[in-house]
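Below, chain A partners chain B and then partners chain C, in two separate complexes.
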Partner chain A sequence: MFNDKTSKFLLVAGLLLILGGAFAPNWIVNQFMFGFSRALAILGLMVLWRTGLVSFGHAFYFGLGAYAVAILDIKLGVTDVFLRLIAGALVAGTAGFLVGFIMRNYRNIFFAMLNTAISMVLFGIVVKTEALGSTDGFAISMSTILGVSPETKYPLFVIITLVGMVAAILVNYYLKTTFGKLTTAIRDNEIRVEYLGFSVAHAIHLKYSISAILAGGAGALMAMSLGQVDPESMINWTVSGELVFITILSGPGNVIAPFIGSLVFEVLRTYAFELAPQAWQLIMGATFLTIIFFIPGGIWSVLEKIGGKKNDK
Partner chain B sequence: MNKGLVAVLAALVVGAVAFMLTSEKPSEEKKEATAPVADEGEQITIAVPSFLTGGAAGPFGIPAMNGAKMVVDAINKGKLPAPYNTKGFGGATASLIELDEGGGATKQVAEYRNLVEKRNVDAVVGYISSGNCQALAPIAEELKQFTIFATCGTPRIFEEAPRQYVFRTMSHATADNTAAAMYVKENFPGMKGYTGIQQNYAWGQDSWRDFDLTLKQIMPNSKASDNVQFPKIFAGQYGSEISAMSLDSADLVHSSFWGGDLEAFIFQGAARGLFAKKTGVLTVGGTAAYRLGKKLPNGIVLGARGPYGILVRDRDSVLNQWFINTYKNLYGTYPSGPAYQYGQAILAAKIAYDKAGSDPSSEQLAGALRGITFESFSTKVEMSLGGGHQAVTENGYGITKYDEVNGENIVTDVKFYPASCIMPPDGVGSVEWIKGGMKGAKC
Partner chain C sequence: MISNPPILQVRDLVKKFGAVVAANDINVDISKGEIVGIIGANGAGKTCFVNMVTGYLPPTAGSIKFEGEELVGLETRKITHAGISRSFQVSQVFHSMTVGENLMIALAIANNRALDALSLMDTPELRSKLDNVLNRYKLNAQKDTTVSALAQGVRKLLDIAMAVVSKPRILLLDEPTSGISVEEKFDFMDIVMGALKEDGVTVLFVEHDMEIVARYVSRVLAFYQGEIIADMPPKKALADKKVQEFVIGKEHHKKKK
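Right, the complex of A and B next:
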């Protein structure tokens, strides 16, 4: 599992960043926490994208993960970071598995819009229900780690980086297995895959569930790093759009790409917000257009170009 | 992955780690970058968040920001009327950082952390949305950052937990709604039933709760509709809600809508004759008075969340006249409530800085503002609730009328209620206070 270059690189890079984070000022650590949390969801979307499926509704799972953390905190007082993370991933994963029975039958625009529809149902429910915090959402208490409440955010950053690293290595491994390799095969020709003896529906269902688990975990980690959840920032379709945006920004080339892409997005947004408080959306939009027009392969393709020969497909 | 790519990635990671290790807290550099160069002496940075994008920007966010800018500028130059005619904030010149409040509470939490930890601002003064304030109060406490909320209204902020670093320089939603209820009782004693339309978040929920509870106390014979509308904030379309309310037997419609939502509701409601059939009570209607002109129906009970905007246009104190005239010269319209409220919050920051001495810490600033009473542009502000962190002021209502001669809206039958009449005493929650028959109210 660890003998390819990507995994080795992830291990070393993750550890180096954890070391570096110990000395970094808070705001930089924050950027990494937000970026890497979100990267988990992007990782899942990347798996779907390689299969030729784009979901405009993964904020559903992202939000489920985040709200699982919030509700556990408020109703049961659960503060342990691992319990929260597992709960978020589990709730979203279960939902993803169930919804997957429907989703695996749809492709293209129908797949994208059906996902949006489901996420907006959740959005509507949360916004209308005062017990779920309606538009205000909830504040979340600081996470504890195995019973210890940390003084700074650094331990959480370490955990997020480690979780991201492990998830990326696992997804990388999965993509190399036979079932994982079906991603591009399904995108290219579903009928041939069926004739090879694999069930396309099963393969898509599995990938969909994986992406839901990852998005749920991402939502849980995001909720913990921010200390706040609300439907506008966690479940609305704009969040789904944001996730797709980062997926395209990152490029589908490698499991490392989502981490770089999310980080770039986070920094870009912070500075756009800082430099142009009235027109920050314009900067984000212009970036998006630039990427679609000039670098459709995302940041990853640029890195590949700088690094020399293009990856053989 | 080939070797070249690994090399590029390795360089990226090394670069990121090096960046982590070498970047210092950017405070000093930032201050130099944003402050005017010519001035000598100390510099401070004040972050002012307000809605700069989205539906709330035009009617609410931009006037608020304008009010803040105008007052900061006047303070820097020492041009405010006495007794605030000393130059600067405790002598220091302030540079103002504009910030967009849109995008939801969670985004605001992230941006607030950036403000404090990355941009190292000295004070944060602003926020319009109750949702944002509620989310940020615990964060401000966690980061120990001196913060003044300018406009947001939910009473929960100081009733849920004691605060050390967070202040609010205007009354909260309870005052708006108890005053509205009293005004209704005096001017529409025959009112039999009332309904409402509120945004479904802290502000709307609290506003309705307080209005409803107060009327149950003071007009027990009127009946609340069991079909109160709670659409989502920034929804913009209220056709079905307006139809439902038109069919309701209630003869009064209360709404705590504000900003773009309010204007959309007025347009859509007026077109369907809602305000011809029922009396409208708009607790944040003041902003619409100047913007909508003739399109604002006559006979609406209009509030401005306190003695601000159109309700105080003819108060002739020096401070108020300075505020109105300067604003009109700069921006071409009369100042509405949000402009006053942001100006008032900035003024409170100046008072805190003047009192706290040079180069004050957040603790010293908080200590300086806690529990004081000061004369603001249009009214007297007493920081008397929430352990000296929550202001009370008088609150008033009037009835709209279009003045054909001058081509603008005016308000008639304006009445103000003193703070002690419409706000609970310190330590008593709004809901218990109203339910308990508003004990200790001095009207």
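Right, the complex of A and C next:
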């Protein structure tokens, strides 16, 4: 069931990274934490993209996950890393399941922008509500692990890496089930899928809910990594744009791709900002154009070419 | 034949698109195992009839019963589950996938419709079923070819093969031979009808080519402006005056243009 190349690679790579992280300097560990947190959301967007759907509003779920952590911290003093993660995924997943009843009826630009619309509503509500931290947001207390407060961020890095690994293996499995195979099929021809006896609406609803759970988990992990939440960096439409950017940068070829793509994005943004604080968007934009024109299959397609024809997808 | 209850029973079926009447009070019974040819000029309402039987278009009025159960109001996928399937005038397949992948998906859906869909698709059991279908529809050589690179005729075969993997009891084929060269038509229909007869499927197929009609069907329904103007064996139908005037005549006329 999980003995394919991709799952084995994830397992080995995950464990190696955890080992390596123990010796790596702080700033590198940080980059990996941010990158892998975000990668969880990209995993979900990849499932949607393979189905032919692009959401320009998944900051809605990302933000819900992050704010679930913050509110639980402030109101109830919940600090456990697992409770926080589960809460973020659950809140976003529930919202995604409910919103999914609407989204499953829309495609293309309508699907993309309807998602933007709900994320903008949430952004507006948070910004206008003092109790939700308004534009300043909240600082979040350090996460504890089963009652223990860690001295460094390394334990959180270990957990984020493990969560990413398990999520990638599960999504990889999902993509090989009958439900999961109905991604490209739905993108290609919905009429045929219905005539074969399968509800396209149900399939899309499930995919959408999965993507919401993953984005919520990503937001929760990001909130814990950063130690703070605010609407600008968690819910704003630019966050949704970043998520789409990384999805395309990564490529839809394999569940490993979102992790590589997210890391590249972190590094790219950090260096672009250092190189040209006034014009870092220019560097990002140029990168984006290069990808779309020259490597539409994303980073993964390049790795695939280098590695020769291999890897069961 | 008369003692058999009909497998498909259509009563007072009407479909209007504004002023256009695509089905004008259609009444017809189909018996189990019949091979029925549906003929008619362009716009006579043939595809519309197929669409209504398979739940793709809601009728304006009337009833369609399959083995005694009402189909009107059911979604297409529920009608597939009930045991009716179809092919399309323009093949509806997954164009970015290979022939093998197309059929695997069709087989997987046909074989597990419930939450079973969360189990792996690629199983040895399904693979052997795939080989079986590839053999019967002579698609072996094209198994790993992407649909967009296929010849029209092969695409049509795939379209039909995908429709039958759910083991329907009624199959509706909408112009199976359109876009296929004259030389290949009979070979194509031999493959299809051979496979279907083995399973005892009741077949209704829309066809413009009267040679194909004469050769494969036991009964002809001639459509004209949303009505069935003739319902008789093929020899009689092709000699019928009304059919010649409203169906075949127009066909020849159209071809000359």
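Details
One rule holds for everything that comes next: the second predicted complex is superposed on the first by the 308 of 313 C-alpha atoms of A that agree within 3 Å, B and C clash if a C-alpha of one lies under 4 Å from a C-alpha of the other, contacts with A are read in each partner's own complex, and residues count from 1 in each chain.
The working rule: a residue touches a chain if its C-beta (ideal position, glycine included) is under 8 Å from a C-beta of that chain, and two chains touch if they have at least 3 such contacts.
From a predicted model like this one, the values you see are computed outputs, not experimental measurements.
In this superposed model built on chain A, chain B and chain C occupy separate space and fit side by side.
In the superposed pair of complexes, A:Lys176 makes contact with chain C only, with no contact to chain B. Angle at the C-alpha centre of chain A formed with the centres of chain B and chain C, after superposition on chain A: 140°, rounded to the nearest 10.
Put simply, more of the residues of chain A are touched by B, taking chain B and chain C as the two choices. Judged by the touch definition given at the top, the superposed model places A:Leu196 against chain C, while chain B stays out of reach.
Contacts of A:Glu274 after superposition: chain B is touched, whereas chain C is not reached. Applying the stated contact rule after C-alpha superposition, one finds that A:Glu130 touches chain B and leaves chain C untouched.
Residue contacts after overlaying the shared chain place A:Glu304 against chain B, while chain C stays out of touching range. Residue contacts after overlaying the shared chain place A:Leu243 against neither chain B nor chain C. Once both structures are overlaid on their shared chain A, chain B and chain C have a minimum Cα-Cα separation of 16 Å. The touching residues of chain B, counted against chain A in their complex, run 1-10, 12-14, 16-21, 23-25, 52-53, 98-100, 103-107, 109-111, 113-114, 117-119, 130-131, 134-135, 138-139, 142, 199-202, 205, 230, 232-233. The touching residues of chain C, counted against chain A in their complex, run 54, 56, 75-77, 80-81, 85-86, 92-97, 104-106, 108-110, 112-113, 116-122, 162-163, 166.
Taken together, the chain A residues at the contact with chain C in this complex read 1, 173-174, 176-182, 184-185, 187-189, 191-199.
If you check the complex, the residues on chain A that touch chain B are 4-6, 9, 12-13, 16-17, 19-21, 23-28, 30, 34, 127-128, 130, 134-137, 139, 226-234, 236, 254, 256, 260, 270, 273-274, 277-278, 280-281, 303-304, 306-309, 311.
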